[in-house]
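First chain written, first letter: the chains are A, B, C, D, E and F, and each begins at residue 1.
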Amino acid sequence: MIRVAVVGAAGYIGGELLRLLIGHPEVEVAAAVSSRFPGKRVDGVHPNLRSATDLLFCSADEVDECDTVFLATPHRAAMTQIHRWIGQAKQVIDLTGDFRLDDTEVYQRYYGTAHAAPHLLGDFVPGIPELHRESLRSADLISVPGCMAVAGVLALYPLVARDLVEPMAQFDARTGSSGSGATAGEANLHATRSGAMRVFAPTGHRHEAEISRHLGIPARMTATGVEAVRGVQTICHVTLRPGADRSAVRGAFREQYRDEPFVRLVAHQRGAFRYPEPKILLGSNFCDVGYAVDEAAGRMVTIAALDNLMKGGAGNAVQCLNIRMGWPEALGLSFPGLHPV
Amino acid sequence: MTTPMQTCPECEDEVRISQAARLNEIVECAGCRNELEVVALNPTVLALAPEVEEDWGE
Amino acid sequence: MIRVAVVGAAGYIGGELLRLLIGHPEVEVAAAVSSRFPGKRVDGVHPNLRSATDLLFCSADEVDECDTVFLATPHRAAMTQIHRWIGQAKQVIDLTGDFRLDDTEVYQRYYGTAHAAPHLLGDFVPGIPELHRESLRSADLISVPGCMAVAGVLALYPLVARDLVEPMAQFDARTGSSGSGATAGEANLHATRSGAMRVFAPTGHRHEAEISRHLGIPARMTATGVEAVRGVQTICHVTLRPGADRSAVRGAFREQYRDEPFVRLVAHQRGAFRYPEPKILLGSNFCDVGYAVDEAAGRMVTIAALDNLMKGGAGNAVQCLNIRMGWPEALGLSFPGLHPV
Amino acid sequence: MIRVAVVGAAGYIGGELLRLLIGHPEVEVAAAVSSRFPGKRVDGVHPNLRSATDLLFCSADEVDECDTVFLATPHRAAMTQIHRWIGQAKQVIDLTGDFRLDDTEVYQRYYGTAHAAPHLLGDFVPGIPELHRESLRSADLISVPGCMAVAGVLALYPLVARDLVEPMAQFDARTGSSGSGATAGEANLHATRSGAMRVFAPTGHRHEAEISRHLGIPARMTATGVEAVRGVQTICHVTLRPGADRSAVRGAFREQYRDEPFVRLVAHQRGAFRYPEPKILLGSNFCDVGYAVDEAAGRMVTIAALDNLMKGGAGNAVQCLNIRMGWPEALGLSFPGLHPV
Amino acid sequence: MIRVAVVGAAGYIGGELLRLLIGHPEVEVAAAVSSRFPGKRVDGVHPNLRSATDLLFCSADEVDECDTVFLATPHRAAMTQIHRWIGQAKQVIDLTGDFRLDDTEVYQRYYGTAHAAPHLLGDFVPGIPELHRESLRSADLISVPGCMAVAGVLALYPLVARDLVEPMAQFDARTGSSGSGATAGEANLHATRSGAMRVFAPTGHRHEAEISRHLGIPARMTATGVEAVRGVQTICHVTLRPGADRSAVRGAFREQYRDEPFVRLVAHQRGAFRYPEPKILLGSNFCDVGYAVDEAAGRMVTIAALDNLMKGGAGNAVQCLNIRMGWPEALGLSFPGLHPV
Amino acid sequence: MTTPMQTCPECEDEVRISQAARLNEIVECAGCRNELEVVALNPTVLALAPEVEEDWGE
């Protein structure tokens, strides 16, 4: 049993971390930090945890030493508080955007502010088990990528790693409303957000930078909020390299993900769910990946789907923890998702 | 350490009060989620904390 | 052409009034009052009015004399401002709860505050054309009832007026999220409100008092927020009086509403829409009314549906205006609703 | 490890049973029966089971002897096939309506057909752990009640058992679209069913009969399909007996459900989720129960919510199995539900 | 007054045509053709038309001579029946895919069948007022384009016409469930389709061919079904030509659409609705068009939204009729859309 | 041309029958949407047409 603390525990990612960690057989939740609700019951904010826990929120100052700290605060708060948490825990798993990029200039361009702890950028191992499993086994600083970035990277990595596509990726990402957190304002009012197809980032979404970093090719992303609470789907348009065909593409995906516990290939010929769709992934840690090749046109499309609070955030973080601790990678992450839903 | 149970004046659910509780401390009842104020010690007495009514706005 | 002003024009009811009044052939909108947005374009808040108007919001002080003022402010604001508007316009049509009850004690009980203009309560004609059409023809103070109250009253009035049911009505009301207005807080965040079945008033909903007033019998209402933006549906359980049977019930509804332009009887034997449903009424001014009689048990159920911003608010107000002005009652209210939707 | 078979495995309840049973540590799924898809992969119909199983559907004839059979067929099919399954398994857990009533006349009235195995009606133990736990420990024939019946019974039983309310209950039930199964026709087309408030049973819903049987008082139910895939909520209106007050009501619920693993009391003073709501229960086996007392009026309302495929069906069936086998009652049923969702 | 007939009147497009034509001051609906429902009331299928009409469906054989026939049948039925209808009416306005392409080979490639009336392909004027208004004034055969094609063409035409972008367009289209018509099968069951992000056409969607025809450049389209009943949105990625900048783009859109009654430019800096969104367009005939330019990257994105049954089908057809008849172009099409909704 | 109104045997709504109506013709009642069969002529008599009960499936 290790003792963990969750900072930002009253938020959506914080709540999902609590759900997973409370249910995790090797973990004891020692602290759930919230500045607004210290002393209040955790299940007052997260009603799904009723009867699962009697835990109370506490303030940051009340946190004792513990093994692992998860940071689920808004952007910027992690990099300003990072030294405090490094001093208090053996591992820090950061879920914010603060340590996802390794280049301060790119950071400045995408986040519009200077980085507050640039010397630490290189010390964080990216929390993408599919690309960095070995480094994660001993990582004490882990930075979990953005939800659309995870989807985008996993959908394209097998092709880029094998040089099957031209070095330019155009992403079209769709996301549910939980992607903007529990503190969002009137644009997230139900009557306004319901049934939306809101192009909130026609160009220049921050996850572009993460994808480019991990794939080593330029990435462009248009992001749209659609009707859903949870769920991210990315469509990626790429151009096939000469010689690359459907068979090579299929082989690349199969080889890459054969043994991955949380990546499934979904590119079927029949059925309503023949390509990846987020709704059957709610609460699960899978990232489903599919593709369609238009050989005649020399182009192809990849499709990825996940639950932004799970493989797109808290679930992925717990998977990283499992790897770091040498536990079975799927421990506490076995919920398969629902259908119909 | 917690003292033996107190009873919520609103819903009669049992409420755990820490032994270190001070006067005027606010605790939350698990049964009804009201905020309760410690208005006396030895023995502990709880009262409904004054609160603006929360509106669902419907 | 008459000149009208809308107070509370930046809200949901205000916006619906603007849509209807801008499209009304006999009306010129002289002022759209908002305290937050004076000088800003009306279509910045109500994007459906783009290209329909170049109107700007103004402050209350900028309103010139005009023929009719519509009050669509929150509760309490109408009764404190009423003298100002009576002085400025020939007619005041109030859509708030402030002048819906004629008894100050009942008001105090249901609204938790003393009434600020009790002497005026008796001067307002209830804005229910189906019950008060004659009085409305010359009314200069009109109080439009609450959305669930309109549905409840229209669903039961034919039975009560003919003494077909015992004097006690149990209502189960469901409403979309627009019923709580554009200024609601975090309980109306999309991720929280989406897919909800939120029993926000298990007992004692304010519209009980209005229904009781108009029907003269006690009414109880349980109200639940369900997944919808617009739309109200009320189910009412009543006990048949001895001798009252299906045929008498049917006759009562048919007779009562035969010539009503905005009440339709919907109690069919077949089809997915055999009873009243709000979704096909979006944007329309209809209140659909249906019923099912359980003769063996001596009980029956009535069902009513409407768009809370239309027949439940702004549409009903415009219908009242049409009656007051002697115009065709459906002028500017001809949109029939959509299907599928 | 026991070996189980699921009949009707291609349906919604069948799929949910498969999800739970595949994840159950003491169970091996020996057969998933479908007449339409024998030889086809189970995850072709239930895409959430991809990577969880390689199971294929089989025909009824291919089922070997096994320990427990779950029947998740349409109504009527269970009672005609029951002898076959009794011969083949030690326990039969029926999820259809066929063995829920113990009176053939009531059955005939509510189902419109004569019962095909009336002699067996008395042999089935109702699958309601909260009322029949002791009998379930040795039951070999178990009949799991309808989804709205479970909610209705659990919401009212503590009051009826203590004589706190008058013997007449008026239910208002709301349900998502999965309640009508995967084989429904055009009334369940997305464009028609989406956003619906469809009063499909204004009077005389079948679950009335089940509730009456278990509570011993007359029950009336109006049922409405609302926008949701999963989820049932029932509102029940009852009259307090003289002397019964809020304190007695509270005590009744607390006493009744103190040690129940899957019933939670939710009647809070604050928060958006202060009364039971289905959406936070998706995939979980809880039935949340709440109440509001109007002492002045001598009336009260009870509210219950559950996931119709879980505590309203498959989850409840697995809970019954756990009891029958002497396993921990929550084995394989620990998923707490999601928030936000 | 002209007399019109609608063929395929029991479908979604047929129903929308009926709604518009019944409400049109210059039109009398002489026939609503349905093979399944002859003699049945039109409002039995289209419940929103209750009280708007007593019209009955008739069979094709019962149609008398009339002025204009609208064809809203499935694909293929129009081209096989076309001679019959040409013989019976002065104008035929076809809403199917049958006469949208002018090249039989392209037709064969995208529809997988040979064209049944290739000699007529050149006689149909495309029903895009914004591109073909002059020809439409005297057209007797009009072919209304597909819903996503209208959106795609209007979003890109100003740029292509002025040579501001490279000749290759990548579209990402999203659509509600009504886009697949009322006769769709189990993939459109509510529980399956609800909350979907279904990539039903990763490559090779038919509307590619239409867009290419009208723009004269290659177009690629990926189409996804999202949670909505009505509504289409297209995102288009294009590369700027050297020298083309934001100012040129803005000028192109403004010049092109300055006087268009049903195209609005929506590319604002603030507000939740700053880019085109279908939900505020339900029932309206607008196509909203917006864009975002990434000058540094030399790329841009255009965004278009419409109601697929209106500007994407029936509304556009009525606009074409108005032009053909010399009536005001917006006659019968004045509904502005709702907000909130 | 329509004959004077008939009455629906189910809901008592008025039903329009065309003068050309033949025996066994089916008409639809606008009030309850039941199918009615013309079971006699001169005078016209309507009866509920036999029909499989339509299920909403809920």
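Please note the rule applied: a residue touches a chain if its C-beta (ideal position, glycine included) is under 8 Å from a C-beta of that chain, and two chains touch if they have at least 3 such contacts.
Just so we're clear, the structure is a prediction, and the values are computed from it rather than from any experiment.
Undergrad: Interface check for copies chain C and chain D. Shared numbers divided by all numbers used: above half gives same, below half gives different; which is it?
TA: Both copies, chain C as well as chain D, present the same residues to each other, with over half of the numbers appearing on both sides.
Undergrad: Centre to centre, using CA atoms, which chain is the farthest one from chain A?
TA: Max centre-to-centre separation from chain A belongs to F.
Undergrad: Could you work out how far the Cα centre of chain C sits from that of chain F, in whole Å?
TA: Distance between chain centres: 37 Å.
Undergrad: Whole-Å distance, chain A centre to chain C centre, using C-alpha means?
TA: Chain centres of chain A and chain C, defined by C-alpha means, are spaced 45 Å apart.
Undergrad: Rounded to a whole Å, what is the gap between the Cα centroids of chain D and chain F?
TA: 41
Undergrad: Send over the residues of chain A in touch with two or more other chains.
TA: Within chain A, the residues that touch at least two other chains are 12, 44, 178, 182, 186, 191-195, 229, 273, 340-341.
Undergrad: Counting only residues that touch at least two other chains, what does the list for chain F look like?
TA: 33, 56 - these are the residues of chain F that touch more than one other chain.
Undergrad: What does chain C use to touch chain D in their complex?
TA: Touch list, chain C to chain D: 170, 172, 174, 186-187, 191-199, 202-204, 220, 222, 224, 226-228, 231, 233, 235, 237, 272-273, 275-279, 290-294, 297, 299-301, 303, 305, 340-341.
Undergrad: Any idea which chain D residues touch chain A in the complex?
TA: 12, 15, 19, 23, 44, 46-52, 178, 182, 229-230, 264, 266, 270-271, 273, 280, 282-284, 286, 334-341
Undergrad: Any idea which chain B residues touch chain D in the complex?
TA: 10-13, 31-34, 54, 56
Undergrad: Could you list, by residue number, the parts of chain D that touch chain E in their complex?
TA: These residues of chain D touch chain E: 12, 176-178, 182, 184, 186, 188-195, 229.
Undergrad: So in the complex, the part of chain A that touches chain B is made up of which residues?
TA: Residues 39-41, 44, 54.
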